[in-house]
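What follows is a pair of complexes built around chain A, which joins chain B in one and chain C in the other.
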Partner chain A sequence: MSILDYKDGSVNLLMGNEAIARGAVEAGVRVAAGYPGTPSSEIIENLAAVAGKAGLYVEWSVNEKVSLEVAAAGSFAGLRSMCVMKQNGVNVASDFLLHLGLSGTRAGMVLVPCDDPGAISSVNEGESRHFARLLELPLIEPGNFQEAIDMIKWAFELSEKIRNVVVVRSVTRLSHASGNVKVGTLPKNNDTPVFKYDGNLLDALNGPVITAPVPFKHRQQQEKLKAVAEIFETSEFNTYTGPENPELLIITSSACSLYSLEAVNVLELDKRVGVLKLGTTYPLPEKLVKKHVASAKKILFVEEVQPFLEDLTKIAAAAWEDVGVKKYHGKYDASIPTVNELNPDIVIAALTKILGIDYRPVPEDYEKKGTILSFTGAPNREVTFCPGCPHRASFWSIHNVLTLQGKGGFVCGDIGCYTIGILGAGFNTLKTTHSMGSGLGIASGFGKLRGLGMKQDAVAVCGDSTFFHSIIPALVNAVHVKSDMMLIVFDNKGTAMTGFQPHPGTETDAMGAKVNALNIESICRAIGADVHVSDPFDITGTQDKLFDLIENGKGPRVLIMQQSCALSPEKKGKNKYVMNVDESLCRGENCGCDRFCTKIFRCPGLVWNRDKSVSMIDSVICTGCGVCKNICPAGAIKSEEVKAC
Partner chain B sequence: MLKDPYNIIITGVGGQGNVMAARIVGNMLALQGFYVTIGETFGASQRGGSVMSHLRVSKKTVWSPQMPKGKADLIVALEPIESLRVLAQYGNSETAVISNTRPVYPVGVICGDLKYPTMDELNASLLQLCSKIYFIDATEKAIQLGNPILSNVIMIGAAAGLNVVPMEESDFEKIMSVSLPPEKMKINMEGFKLGKSMTSS
Partner chain C sequence: MTFGPKELQADVQQKNMCIGCGACVSICPYFKTYKGKTAAMFQCSRESGRCYAYCPKTGVNLDRISEKLYNKKYSSDALGNLKAIYTSEKSDKASKGNFQNGGTVSALMEFALKNKTIDSAILTKRNGAVSIPEIVTDHEKVHAYASSKYGLSPVVSKFNEGAESGYKKIGVVGTPCSIIAMANIRSNPTDIPDFVDKSGIVIGLFCTWALDTSKFEDALKDKIDLTLLQKVDIPPPPADVMTFTTSHNEITLPLSEMRKGIPLGCTYCHDMTGEFADISVGALELKGEKNKNIIIVRTERGEQLVNDAVKSGYIKTAPLPAEALSGLSTASMNKKKRAFTRLVDEKMINNLTERPMIVVDDQSLKNIMNEKGGM
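Up next is the complex of A and B:
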């Protein structure tokens, strides 16, 4: 079922990201671009799936900055356009965004960053809200699923009113949650894109799209923002629930508004506490906020990570002489934590503390019992690579070679499934992880420390999508300065972590059209690195190559490890081998290997049979990759090829 | 419905189809005219971590995608020990638990650092925290039906069998037929009915 299939006016259970995508189509979006990243990816995916039918151009771009540029072209040519990314993507795109805000846009253009407070599937807690303020762009935030669809539509109108980008921020708990949504009607539009540039320099709609003269354009941008603030004052997306003069006023936005309403409900405080939910958060609708602040004695800001609404309100309040003294609670008095995501319980805790209420969700001894029983009775579940994942085999080889070498060599990485190489799943091989592609930049630096006496070998790892996203400049750097280090590309043929989006190395694009697949090997060679290729499932071959490259190689070396992700469409559900353990050969705990396979290698498909004291294959979980056969020193793990029928 | 909102948690391990199961149940209840909010954690979920979906079912309004502590009315565990983990965090003495009996061992257990409880031990722990527990051999039954993937459908059927929220067979059929080809419908309907028969009295 695609987002076009919902009947006009019908109510459906939609994921936040589906609602955003449907809203964009209802608004007549024609160009959409982004770079995959949880929790944002389903927006572009849903749009890509209907691109042909709805007459859209949808692109997974090489990185977030380029995606924003691609989307901007749509707007400049008179088509409504949208750009989607996860929170840290905004950092990557921010240089262009700074300039775009200054030049302004033409047809409606919306940027949708999806933040991930609590880093549920991130390696940071970055926030896009602050970029809106820093770069002087309007920011709106849906507070529920219906608003996700309605606000996107409104954002396009707003963007056209002020001829600038509008930021619509989502968070994991909206993007990856579902709720009832009433859909609207689908438009017909097939405007032909034309880029007009013949007007004079200051003509926003017909002249060249540039940021100069900067003070003029900058003032214009700020005037636009003032106009937006006025519009925000009366927006229907700012709602208030509660008594006329609440004892305590909660000011909140986004998913936090749902937590706040829930907390008020659980504590039965609806006669004492009011909730002002702001849908329009930058610029702050100051008059509206002032009116509500004036009506209450105490104010509590409920928002995630850093103070934003709290700071904006307090700055505005400095000029509210007629409002009287209020007691403010939020980040600065530690009522609400400044790290991690929020939930109803955190809001409940803040309210009970401020209002002096006693509340226990369950009796104290129940809670204690629960903690002890789940600690002792439910063994912890550490994340690991999927059964049959090529990364397990790759890290296995890297780990073994570095250990064998014994010079304290280490691995620098970044973001991808392989990030869990930090854990036991990757034999704790990874020692640095930061932003996309940063493993190579760091390794390039380590490689130059040789000249200052460093003895350890630095190895960088990256995925195939990351290679295109941000490794190339770092490789150019490493080759240019002749850094003594090695790059390993885990080429698993797609953007695995976020669900197999195509990238410049794949043969089809987001919409399924044939495109040019760029070859990682040729690019590395062209840059001037010493390039090799191996199959990580060939453990011996890979380890020999690796050992030789690390021990004897000089300067920048690249090893491309090619093996598709276990969940890739070509592999999923199609086991190559049927595996079994020959119990008569398995040495188990008693001698020699000390349960090498299950203790060290630890593929979830291979389990320890306590009763028989031998390893066994869990056929429900094993994906039949065949790798474990090669790690058993006794040759007890057998494989039989599955015949295609 | 006994309570409004009625709160269900579907839990399991990444890769078990937790998200799909929650969506099927959510869609069934939406067909009955309820406001349904599903909050889920995925992302790291592909890679063997604990996952859960919070389903909030209400006639009145949209509820938070994260449930407050102690408020779960029903826990459906696609993996046995996840029921205990979730119950301790979100349950209360009235919570009902339906649990699959087929373990997916955590790496800590695979490598021998941690111990996985027997079903009797698990049952004893659960009984200290709630009163109604149904153990369902969903994976075994699904393998007998021809595909372990059907275990989730059996578990959904088992939830329907409790009769606490209106999860109708006809709604299940409607929802499944949107995504499934006709030839797969029969076996899925069979799985649903089988699960239902295991909890309805």
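Up next is the complex of A and C:
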């Protein structure tokens, strides 16, 4: 079922990201672009699935900055456009966003960043809210699923009113949870895109789209923002629940508004506590906030990670001479933590502390027992690679080669499934992890430290999608400065971690059309690196190449390890081998093995048979990659080639 | 008290005592050897293991291995337990080769393989500065492994590999550290119930020290084409140099410079002549004598091989001049005294520590430390 299939006016169970996508189509979006990243990816996927039918152009761009530029082109040409990314994508796009805010847009343009407080699927807790303030753009935040669809539609209108980008921020708990949504009607929209540029330099709709003259444009942008603030004062997306004069006022937004309402409900404080849920968070609707602040004695800000509403309110409150003295609670008095995502329990804890309520959801000894049992009773479920994951084989070889060489060589990585190379699953091989592509930039730097006496070998790893996203400039840099290091590209043929979205190396685009697949090997060669290719499942061949490249290579070297992701559609149900363990050969716990395959190699497809004290293959999850055959010191793991029918 | 991989790493790898003999390698997947260095690939959780028991730098009980090999306590004599000592050199029947001195070792191994005293031989070849032990089964190929390498060779790892893959009478040629590891293995320290000694003959090479492979490489890589290296030698005093001969040229480096590449573990070694071998062989350093060896016969099977090799025309022996014997004894005793004194000073021997490097009878220890050298 696609997002076009819901009947006008019907109520449906939609995932937050589906609601956002449906809202965009209802608003008549024609261009959508993004870069995959949890929790945002389903928005573009849902739009791509209906692109042909709904007359859209949908693109997975090479990175977030380019996706924002692609979307901007739609707006400049008179089509409503949307750009989608996860929180740290905004950092990547922010340079263009700074300039776009200044130049302004034409047809409605909406930026949807999906933040991930608690870094459930991230390696950072970055926040897009602060970009809205920094870059002077309107920010709105849906607090539930219905708002997700309704606010997207409103955002396009708002954008056209002020001719600028509107930021609609989602979070994991909104994007990835599902709720009831009443859908609206689908428009007929087949405007032909035209880019007008003949008008005056200052003509926002017909002239060139530029940021100069900067003071003039900047003032214009700020005037627009003031107009937005006025609109926000009366927005229906700002709601208040509670008594007229509450003892304590919660000011909150987004998913936190649900936690707040639940906490008030659990503590039965609906007569004492009011909840002001802001849907429009930047610029702050100051008059509305002031009215509610004036009505309460104590104010509690419930928001995730850094103070945003709290800061905006306190700055505004400095001029509110007539509201009297208020006691503010939030980040600064540690009522609400500044890291990790929130939940109703955290809000309950803050409320009980501030209001002096004795609340214990479960008896103390029960809670204590539960805590102990959760540590001692639950089996240890470590983060690991899937059975048959090429990354495990790749890290196995890299780890073994660097360890054998014994020169303290190390690996710099970035964001991808392979980030868990830091952990036991990747034999603790990764030693640095930052933003996309940064492993190579860092390795390029390390490679130059040889001139200052550094002896260790620096190796960078990246995925194929990351290669296009942000490795190329770092490789250009490394080649240019002749940095002594090596890049290993884990080419698993797709943006695997986020769900096999296409990237510039794949032959089809987001909408399924044939496109030009760029060849990583040729690009690296053209840049001037010494390029080699190997199959990580060929353990011996790969290790020989690694030994040679690390030891004898000079300058920037690239090894492309090609093997499709174990979950890739092309591999599904097509096991190359049937694996089994010869129990008479397995050394198990005896000296000389110490359960090497299940303790060290740890593919989930290998399990320990407690009864027989031998290893065995879990044939249900084994993907038949055959790699474990190479690691068994007793040759007990056997493989039998699956004959093609 | 038995120990395992944790203690091995703590006492040997982490303290830089490893001399890369490979005793802990090829018996499990946790220890591997590469370019003369042994690496712990992963953390093994066993509390005791053959790795610790076989290592020549952990808990070597000299009396225990002597009892097992010679049925007597450790000899505190300069040259250890011996049956006979001669000068020797290869004879007509043995193949020609790039011999360090007299070609005795190559001739003996060639003969042992040919007459099936052994079914395989662990011999070390050279690849630049890297010493690479191999399992050799063809007697005609033995001569290609001739000449001293000076770089650490993981000989024992290949013995372990050979034993694992089914060879039953393995000939081993190694420096004294490897020979001590072999003695550990042969004495079955972990009490394996159906233990079988898979060694056929063990030949020890006289050694004062060896070179760390990477330091060896670093010292030479800019000076010669290491891939063409054919011979490494230390001419007798007072030359005080080390010579490196390639197919193109020969260079000489001061011994003091090369000594910087001696692994720390070598400086704690008491054994110059491979005391736990069946046969020990080294250079005869005597004025006017070139290209000859000294051979020490220590066991019955060693004696048998030497006698048969002489009879079959592979080697020839002659009485060792007293001057050479006294020179060798003095040098050997000095090495023992240096090592044991150091071990005592640093509390690394007997009950001076929980996990001593060496265990030996107190009387023997006293004898050696008070000895002035000589037989």
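Rule of thumb we're sticking to: the second predicted complex is superposed on the first by the 644 of 645 C-alpha atoms of A that agree within 3 Å, B and C clash if a C-alpha of one lies under 4 Å from a C-alpha of the other, contacts with A are read in each partner's own complex, and residues count from 1 in each chain.
Note that in this section contacts are C-beta pairs under 8 Å (C-beta built on N, C-alpha and C of every residue); 3 or more make two chains touch, one makes a residue touch a chain.
What you see is a predicted model; the values in this text were computed from it and never measured.
A.B. asks: Looking at the combined model built on chain A, do chain B and chain C fit side by side or clash?
C.D. replies: When both complexes are placed onto chain A, chain B and chain C end up side by side without any clash.
A.B. asks: Count the residues of chain A touched by chain B and by chain C, then name the partner with the higher count.
C.D. replies: Of chain B and chain C, the partner in contact with more residues of chain A is B.
A.B. asks: Going by the contact rule set out at the top, does A:L606 touch chain B (first), chain C (second), both, or neither?
C.D. replies: First partner only.
A.B. asks: Would you sort A:A319 into first (chain B), second (chain C), both or neither based on which partner it touches?
C.D. replies: A:A319 contacts neither chain B nor chain C.
A.B. asks: Where does A:N400 make contact in the superposed view: on chain B (first), on chain C (second), on both, or on neither?
C.D. replies: So A:N400 only meets chain C here.
A.B. asks: According to the stated criteria, A:V194 is in contact with first (chain B), second (chain C), both, or neither; which is it?
C.D. replies: A:V194 sits against neither chain B nor chain C.
A.B. asks: Quick one: angle from chain B through chain A to chain C, Cα centres, nearest 10°?
C.D. replies: With chain A as the vertex, chain B and chain C sit 90 degrees apart.
A.B. asks: Taking the superposition on A as described, I'd like to know which of chain B and chain C A:I631 touches: first, second, both or neither.
C.D. replies: second
A.B. asks: Can A:L452 be said to touch chain B (first), chain C (second), both, or neither?
C.D. replies: neither
A.B. asks: Compute the least Cα distance separating chain B from chain C in the superposition and give it as a whole number of Å.
C.D. replies: Superposed on chain A, the two chains' closest C-alpha atoms are separated by 9 Å.
A.B. asks: In the superposed arrangement, what residues of chain A touch both chain B and chain C?
C.D. replies: Comparing the two interfaces on chain A, one with chain B and one with chain C, the shared residues are 599-600.
A.B. asks: What does chain C use to touch chain A in their complex?
C.D. replies: Chain C reaches chain A through residues 27-30, 32, 34-35, 37, 39-42, 44-46, 48-50, 190, 214.
A.B. asks: Write out the stretch or stretches of chain B touching chain A in their complex.
C.D. replies: So the residues of chain B touching chain A come out as 13-15, 23, 26-27, 30, 35-44, 46-50, 62-71, 81-82, 84-85, 87-89, 91-93, 102, 104-112, 114-117, 121-122, 125, 128-129, 139, 143, 148, 178-179.
A.B. asks: List the residues on chain A that touch chain B in their complex, please.
C.D. replies: Chain A residues touching chain B: 1, 11-13, 38-39, 120-121, 144-146, 172-174, 176-180, 255, 258-259, 261-263, 266, 343-345, 348, 361-362, 366, 369-371, 373-374, 377-386, 417, 420, 424-425, 497, 567, 595, 598-600, 602, 604, 606-608, 618, 620-621.
A.B. asks: Sort out for me which residues of chain A touch chain C in the complex.
C.D. replies: Within the complex, chain A touches chain C at residues 399-400, 403-407, 427, 591-594, 596, 599-600, 631, 633.
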